[in-house]
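The data blocks that follow each hold one structure.
Look for chain A in each of the two complexes below; its partner is chain B in the first and chain C in the second.
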Partner chain A sequence: MIKAVESAEHSGGAGQQAVADHGGNGHAAAPRVVRVRILRQDAPGEESYWERFEIPYVENMNVISILQQVAARAKSRDGRRVAPVAWDCNCLEEVCGSCTMLINGRTRMACSALVDKLLEESGDEIELRPMSKFPVVRDLVVDRSRLFRALERVKAWVPVDGSYDHGPGPRISPESQEDAYPLATCISCGCCMEACPQFTKIEVVRREDESAEAFEARKKTAFDAGFVGAHAISQAMLFNGHPTGKMIADERLEALTSQGGIQMCGNAQNCVAVCPKSIPLTRSIARAGRAATVWAIRKIFDR
Partner chain B sequence: MTNLYFGVGRQPRRGGCPVRIGPGVELSAARQFVTANDPSPSFLARHQFLIYRLFSLAGLIPVGAFLVVHLLTNASVLAGPGTFQSRVDMIHSLGPLLVPIEWAFIFLPMLFHAVVGFVIIANGLPNVGSYAYVGNVRYTLQRATGMIAFVFIIWHITQLHWLGTPFGGGKFDPHHATSSAAVVLRPLLISILYAVGVLSTVFHFSNGLWTLGITWGLWTSPAAMRRANWISIAVGVLLGGAGLGALGGMRSVDIEQARAIENRMDDVKRMLEGGQSPVDHQSRPGAVPISGTTY
Partner chain C sequence: MAQPRVLVIGGGLAGLSATMRLAELGANVDLVSLVPVKRSHSVCAQGGINSVNSLTRQQGDNEWKHFDDTVYGGDFLQHQPPVKEMADWGPRIVDLMDRLGVPFNRTPEGYRDQRRFGGTLFKRTAFAGATTGQQLLYSLDEQVRRWEVDGKVKKWEFWDFLEPVLDDSGRCRGAICQDLVTMQFRAFSADAVIIATGGCGLLYGRSTMSMVCTGSAVSRAYRAGAWYGNGEFIQVHPTAIPGADKLRLMSESARGEGGRVWVPKTPHDPRDPRNIPEAERSYFLEERYPKYGNLVPRDIATREIFDICTNEGLSVEKDRLCVYLDLTHVPRETLDRKLGGILEIYEKFQGVDPRVVPMKIFPAVHYSMGGLWVDYQKSSGGGLVEGSPRNQQTNIPGLYAIGECDYQYHGANRLGANSLLSCIFSGLFCAPGVIAGVDAGGKQAAEESSRLFESRLRREEERHHALLSRTAGDENPYDLHQQLGNLMTRVATVVRRNEQLAAAYAEVCSLEERWGRCAVSDSGNWTNQNVVFTKSLGDMFPLAKLILKGALQRDECRGAHYKPDFAMPGLQATDPAEKRREAEQWCDRFEANTRRWLKSTVAKCGPEGEPEISYEDVDTSLTPPRPRLYGLVGGEMIEEVWNERQKKAAVAGEGQAVGAGQAVGAGQGKQPAYAGSAS
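And then the complex of A and B:
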């Protein structure tokens, strides 16, 4: 239930606040404008600041269409001309994973965040913030290279590179396919990392005299000391369960039991709760825990 | 130029190896390494997995196992001061071995569990305000109860086991188990603090049992985790009941009566041990004055 300001519905006038009434009184009166509060930042390392915007309400908007309107106007609610808000997006159907941000304080994809539902939850204003666990590039755009570095760390691929014919791959049973498919739907959106209380931000600032390669190397080292995250653990389990991928299973387990590996999980289980693809991440984590247990015993007693 | 690597005494990391394409390339690769500023990971960082797994194991064995024995032993007071006294006598029959055993199997593992636990807490970023899921609430409670348990256990051991009076109420006397504990727990505030401490410790252990099962990979599917959760709840209810029962039992006991039973048992023990005749408990030098009274 949301609060409804009756007077605002009738008083009219430009810039007047109008609040949606989605209550149970039959037909919902459409709000005339949508108010948005965006946490902005001009460049990496700079101070962030709030800026408020107001855009005309249109039915069935999502957060991306709000951001498009904000960019088109480039004007804050108090009428100042401001630089358009920057954000990332691509597929607009919750598949590419690039538009993750904090919408009303919670991590989710902007493309699948519907304005009508958000107004029902939060009343008269929608709050947008960049993800808090990744370094901000500008406004709502963050640098998610740590997410991809984590996939590199756990070798989240099937090692079949080469120019010669490997022949047909091994058969995969339907049961095994069904088990693996949900894990394969990961879109690398970073929601699981953002919501994880064990996953904390690592921001490496480039030094003035530093080459691009040196900066990248320093970033990798810093990232590798931190938690890999639920998505990488799950991908490692996906490829360790694949008949060809399993050929480097030990290398993945080595990575998962190195610094920042599976042991960093604190079992808060937020990852599985926020995953937009409903991937059984805690099942993957527990399986990785079991594999790590067996692997550690093997490592101690088999050498 | 390649010698620069070994000149600074470090091995190049993966991908940091210079490739001799030309002198310039080699130089830049070397520079990358030197400016990469990555000291090789410390001993603790290299063995993080092992340390965290030992931390998890220590919570169950020996610390958790001790907690179960300890609470069930204390709850035996509900069957009367004599029963509790005989349980305590059984533990104290270890004699001079008791102190090394309690350090090796209780205090040191507990200290290790606490130190690693504080490192884990310090590195986490609880966000239950934004994500109020049951699992996240439990994550936060696990850390909160861990810290409460730490403070409580330090107080509990220092006061009851080691120092006695400076922290109020006197010391636990293994020959007068029920009566000496009852005197300590007599003030209501002390009993409330004990109840909070015991329940926090029990929550921490039983919730930790559930997360331990996930950490080691005992239960992996969401359905198995739900089933395992019932085990964790049952253990929590049982131990919580035992802890509160022990507290209630100690509080409701008649101290004079308990003292009399304990003295009789003490006499029997002395006769069995050395054939000594019963001592006068009122003037016995070993009798500890508790709260100004010698019982």
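And then the complex of A and C:
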């Protein structure tokens, strides 16, 4: 089935000028090495410190491939053997939400941060730091359990009876689907929280004599006192807009109007500017604000 | 009976659907995952999920046809009863996901929209934008979160499964896992353990899969005695975007909308592709397959692209194999309208606009059809007995496998959009059987079992500390991984040759030996990703060996397994009589090959970690195997001869069955009794 094609080897000619000119990229001289400086921290509660690395440049590389090289070499720029930098990633196509970090000072996904573009921003060195609103576990790894706890707070689910067959779901117009779909693509990355002035870091440290369960419970209480975050507000609106989801709309509004709820949002709109999925967060927040007001008034009259 | 406790390893579509159903049935579930379950690899699936639906049904579709497309697409290598059961459940599963809130695309009237995928004539595929897998996973994640709030489910995220714990009778009683943050070990005692850990693409270095798809969990179960089926069947997708870190999928629709595949005739021509004149380009698919052009079937496109780069040295780049996939001749409006989403992915990760500059693509490892061997109980209707503890159970009692990591549903080749279905199906369907199989009476005395866990825990701790203290070795695990990946990609993907496979086996053994001299560069005991990676690398070798050995021994072509030395070429003759004679011979050879090779490969881990391979007959009781002829020269003639043979066989069969000499209407006898019985 596979036929041999005449080998079309032209001697000499164009093949000889081996210039590093990759068609279409527009970058004339590609750098031979990439320099990075990474803010490291060995464990929670420890001092953080900068470490610098230098790795060979590869066309089209992103921040993940830098970190892979850093791990493989485990040598700092000045040639010292150092422990590899720890970081989170999984999908490498900006859909799992694992790899959020501060890259050149801006919260974003490491897998879709291309080195060529970063160097245009920052000259000759790229800076990587862990997110600042979540407790550091190690190096660039942070503990984002608060983000998932917020989804419990706002009951971000459709309250179905169960998984037995009851035929299809409700009919939904294409307009409603197009409205809901963008909200449903939230990857729980945390960028919106990192950028939000109202969202402040909550770090709970386990006490020596504390059981795992007691620690978990204390963590939850502490998280629940803080701001839920733009992502959770948006998820609440997603499910309040679903024909079955809205059957517990009141419970979600109750959560959004209690401590750490929507009233904390100062409408700074930083969140929407950094969301890697371009989710219309300010629209969700505005909707939630209106719904919360109506809900609060209704609650007074119902009493 | 007390509420059973089930340990689920892995929270992709399969693990989450099992967890949801188990909790609903009253079990308490511990859910262990390397990453937060919402970040599992299933989020990557873009295309959609297959099932018969009310629309296709009115166009002549039914569950039987979905079943038939699946086994035909899989080259008949899968047992048919589980596939039939899955196809029957398809409509209910998509309905369920719809109720859970998956934002499926809609028709103007508000029904679910469907598209057509490869390997079928019907629009069976429901989809949610360009992120169907993500949306399915999220809605299951939400239901599981609900159960978590209710206290029925406890998640252990950032935990690594290390080994199943078996008692003296060989029954699985739980597992040992490790916390990836604190590096602490823990023994999980359970009435049943379900492995739902997905594919093993990282064996090939880079693939379209996510970074946790190392196959480590499956390898650990295999070394503990679980069998592995059909390892050599690895699906390669023809068009992926080669990246330094990952090979990202480029949808087939790019070729569907007119994309042309070419290479410069000068090897590694350094010119801007736009400046290379037509005469100096080779549109090799169009040249070799004038009839199908760029739209040849997946496996052929894959093989040709691979061949032109590796064997003919015409890769666009020298250090990185790739060819051009060119859309620049298609009007921009058309591209934006029809391919907007996927072109944006290319632009985002390559930083180049594919509307202006030809894309660079290359085939990539995409899916593992093989996986842990699992059992099933066949029903009188040809499907499965619901609630049987045998369904999805490995050869180790109490240990189950579901999702991409089992070998059950896709045979030698998976059809697009069938995997999401098989993952959710196997998860939901196994749950009642898992509970029914709980061995309530035979539980060992508490003391005895705590001793058992104690000793396993200690063994894992010792292994871990031995690795941690190995800071003096001269091998680098990341380099070894790259070498393993390059080797596997070269010999065990698209084109396979026995000499290469045999040599590669020896090479893997030597890589494994070198792994024993790996130094870990981080000897700390807090979030030590270095040691976790080194461990999972060590677990890749047993799987690599069983893939290579299975491929070496299988001297035929079937689905994704292609050996040119054993290919059955098309017909040469032009003279009709001669052509017919060749077709007869072809069919004889096909039948002989079916008798010899229509068997699942089953690998058992030998005492030295070497795979011991045996073969298992495939249950083809529902529909007999037939040749796949798409694109073969003389295919029409072969088909004619084949059909005549089938007719003759059917007549002979009916004569016997009817016995009394009654005439049976043509066609009636061919219709299986349960066809279209939508339940």
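List of remarks:
Assume the second predicted complex is superposed on the first by the 269 of 303 C-alpha atoms of A that agree within 3 Å, B and C clash if a C-alpha of one lies under 4 Å from a C-alpha of the other, contacts with A are read in each partner's own complex, and residues count from 1 in each chain.
Throughout what follows, a residue touches a chain if its C-beta (ideal position, glycine included) is under 8 Å from a C-beta of that chain, and two chains touch if they have at least 3 such contacts.
Just so it is clear, the structure is predicted and the values come from calculations on it, not from any experiment.
When both complexes are overlaid on chain A, the residue A:A273 reaches chain B alone and has no touch with chain C. By the touch criterion defined above, A:S122 lies against neither chain B nor chain C after alignment on the C-alpha atoms of chain A. In the superposed model, A:R171 lies in contact with chain C only, and not with chain B. Shared-chain residue A:E152: touches chain C; no touch with chain B. More chain A residues lie in contact with C than with the other chain of the pair chain B and chain C. Contacts of A:S65 after superposition: chain C is touched, whereas chain B is not reached.
Contacts of A:G289 after superposition: chain B is touched, whereas chain C is not reached. When the two structures are aligned on the shared chain, A:C265 is found in touch with chain B, with no touch to chain C.
Within the superposed three-chain model, A:S163 lies in touch with chain C and out of touch with chain B [touch as defined at top]. Overlaid on A, the two complexes show chain B and chain C touching no common residue of chain A. Partner chain C is touched in their complex by these residues of chain A: 1-5, 7-10, 13-15, 17-19, 21, 23-25, 42-43, 58-62, 64-65, 68, 71-72, 74, 81-84, 86-98, 111-112, 114, 116-117, 137-139, 141, 144, 148, 151-152, 156-160, 162-163, 165-169, 171-174, 176-177, 180-181, 184-185, 187-188, 239, 242, 244-245. Chain C meets chain A in the complex at residues 20-21, 24, 35-36, 38-41, 43-44, 92, 95-96, 98-101, 103-112, 128-129, 131, 134-135, 138-139, 142-143, 145-146, 148-149, 181, 210-212, 243-246, 248, 265-275, 282, 284, 287-288, 300, 303-304, 307-308, 311-314, 345, 348-352, 356-357, 428, 476, 478-479, 495, 521-522, 524, 526-527, 529-530, 533, 564, 567, 569. Interface of chain A with chain B (complex): residues 105-106, 195, 197-200, 207, 209-211, 213-214, 217-218, 220-221, 225, 257-270, 273-274, 280, 282-283, 285-294, 296.
Chain B makes touch with chain A in their complex at residues 13, 15-16, 28-29, 31-33, 35-38, 41, 45-46, 48-50, 52-53, 120, 123-127, 130-131, 133, 135-136, 138-140, 210-211, 214-222, 225.
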